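Sharing a structure below in structure tokens format, with a few things to ask.
Think of it as A, B and C in the order they're written, each chain with its own count starting at 1.
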Amino acid sequence: MTVLRFDDAWFAYGDRPVLRGVSLSLEAGETVALFGPNGAGKTTLTKLIVGLLHPGRGAVWVCGRGTQDRKPEQLARQVAYVFQHPDQQLFERSVSAEVAFAPRLRALHPDDVDTLVRDALRRAGLETVADEHPFDLPPAQRKLVALAAALAQQPQLLVLDEPTQGLDRSGSARVVEVVRGLRAEGVAVLAVTHDSAFVAEAFGRSLVLDGGTIAHDGPTAALIRDGSMLARFGLTRPPAASLSLALDLSERPVRIDEVTKALAARLAPRYLHDSNA
Amino acid sequence: MIIGFVTGTGLLHRAHPFTGVTIALAVAVLAFALPAPVGPAGLTVMLVLLALVAGLPRVLVTALTFAAPFWAFLFLIHVVFGDNPARGLAVAGQITAMLLGSLLVLASVHPGRLVDALLTAGVPFSVAYPLAATLQSVPRLQARAGAILDAQRCRGLAVGGSLWRRVRAVVPLAIPLVLGALAEVDERALALEARGAGSPARHTPLNPPADSHLDRAVRWSLLLVVLLAVGVRIAS
Amino acid sequence: MTIRFDGLGFRYPGSDHDALREVSASVGRETITLVTGRLGSGCSTLLLAAAGLAPHVTGGTRQGTVTTLGHDPASAEGRRALAGRLGFLLPTPWTQLSGMAFTVREEVGFGPANLGWPRERIDEAVQRALVRVRAQHLESRDPRTLSGGELHRVVLASVTATDPEVLLLDEPVLELDSAGARLVYDLLPAMASERTVVVASTDVDRAAEVAGRVLLLDRGSLVAQGSPTEVLGTASTVAMGASTTVASIARSAGMNAPFPLNVAAAVRCLAR
């Protein structure tokens, strides 16, 4: 099922056009990263998805319905959006109450709310802090609280804005796991990000927004292997991929686990040789 | 609707910051010292003209938005249910005049220039800066409130609609606003201290605003008018 | 020695645990020092203590001593003596704007103006600072209209305007895109040649490239100090999740410690 579609969408702030005919589509279970320099219109594009803005020309379709006459609170049934700065939404006295906010708004049965909350907390690794006040947690964990709250919305499309910014290695790994889990369940995920290492781990497809249009749309691995394309869009190749290419590992993997396996395979015969010598 | 400094080159923008502040203070006093209801009403009319001449018609829109509920309320109390339209008009004039006066000053006096003017006059930095920061805080809070509203709507919070719904919506909007603003104050305090804001040395004004004869004349005249009005009021 | 920590302990007000415990280390001018560890291990706090901002602005209790350029930076005497000699860059750019400047020139001049420098000296300092970060073309812009990368450069210029002898950077590339981050890391070595530079960051992949010395913190304690390879190339650091991606891959793939920290080192390792 097509979860998201942009049909030649245009958007301008006053007389300054930011999006000039954006067309793209996302199927259920697809994980897509959106790159682009700051100021290119990535945030504008995400606001068009959630109905905070509407295209001046063209159309945006979410789960088969156009967004023109729908409000964000209505689209919240299908789309969950994790903003870049979680402090803009956290207000409850405990992490579980915060995560329960969206399901409660939908007047679900309390037992169903509990199940959703527990599941979301587990995925985000927040079970041990369920009763803490969100503002007592370090900023990185607050980001994960915002993510858990979005998961509890049970969206068909999850939109993430710079989800790994401010997170360390373990925090980013957690977000990668969440995205991979959602993909397996058929939820589509779109992430606006600069973190190419994160993208290589969890996103099969990469878009680049430049000059108001989609300048590139293709498999992530291919983009990361292509030095000239990375340079053209001002992107950095993640260390794992750089290692893979520098060592010309078999099949040139870009994911950390695959690079590790390929490297181990490369080393194994050597160590065998060494131990025989 | 913007509350706070608006870039421009009109009459009030070119005036010395003290002149703008003096106008606002004078208006506040005159609104109550001048004989009602003609005084406040006349003051309001003059401020409307000033807004137009100074190239700040947007301020009128903002003022109208805030003042309209008060006018409706006063109309109900003093005209529909009361019998003292003059009193209603007087209070309406006072509120509107003060509102216009403050909004005009907020829109035309840049906090930085005000601080520079205060520092040139010898006011210590620790007094001058908080004043400027307060003037800046409203537009910042507005922008932040907008972002918070967006975020909560995307989680399913319906705004608008019944009164009960609107009341329920206040908490998820107000708390992030306050906590976020407080956290920002913490960070800003660190940043300012790190850049020497707490220094006992006398801050060098970077862009001292010019104080023209007209500015001084206006300020002295306003002071005179205020003293006169207050004097007459006390005497009668 | 530019900065010395002696048995430094610190606890924020209202907190139930120590942010720093018994940290003893010194930082010199010779090279860029990287302070790193998992999130929450106290890296930012160590920098705040070095600048005296903790406890002077943050509140809280400090044990042990901090000596920066020969003074206690949190004491009244130290603050007077060190005025203008320390530059501190916080992670979020927009909270560091003074809010009073019409132009970038005024924004960058805010620091020197607070110290009461005469106009001509301020003007020269502003020019030098803007040149250092390659932002002269932004000089007349309104700070509120700057893009993320431009803002970052202006804020960096602002904290170096007084030509500080010590520059402390807390997560300097947090909000930047790849191009912006590259620019900051390109500028650091030149800055480090003229002053002591300390960077606190969990972005070890990039920061380890420019650092000559690393202090590794874990839950407030200093667990290792030395060259990047000595500190980040060990199995324990990698296991903690505080080392580089390449080191982590090398370990998981079965290589021996010390693990290479970057691709070039890995290639050299395997060529042997």
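Heads up, the rule we're going with is that a contact is a pair of C-beta atoms (placed from the backbone, for glycine too) under 8 Å apart; a residue touches a chain by one contact, two chains touch by 3 or more.
Every value quoted in this text rests on a predicted model; they were computed, and no experiment measured them.
Looking at chain A and chain C, the chains in contact with each of them are B. Interface comparison, A-B against B-C: more C-beta pairs in contact at B-C.
Each chain gets one centre point, the mean of its Cα atoms, and the points for chain A and chain C are 29 Å apart.
Averaged C-alpha coordinates put the centre of chain A at 42 Å from the centre of chain B. The centroid of the Cα atoms in chain B and the matching centroid in chain C are 40 Å apart. Contact residues on chain C toward chain B in their complex (touch as defined above): 48, 51, 53, 56-58, 79-80, 83-84, 86-88, 90, 92, 95-96, 98-102, 106, 109-119, 122, 142, 158-159, 162. Partner chain C is touched in their complex by these residues of chain B: 7, 110-113, 115, 125, 129, 132-133, 136, 184, 187-207. On chain A, the positions that touch chain C within their shared complex are 37-39, 138, 140, 165-171, 194, 196-197, 234-236, 238-240, 242-243, 246-247, 256, 259-261, 263-264, 266-268, 271. Interface residues of chain A, counted against chain B in their complex, comprise 47, 50, 52, 71-73, 75-77, 79-81, 83, 87-91, 101-102, 105-106, 135, 149-150, 153. Taken in their complex, chain B has these residues touching chain A: 144, 147-148, 150-159, 171-172, 174-176, 179-180, 183.
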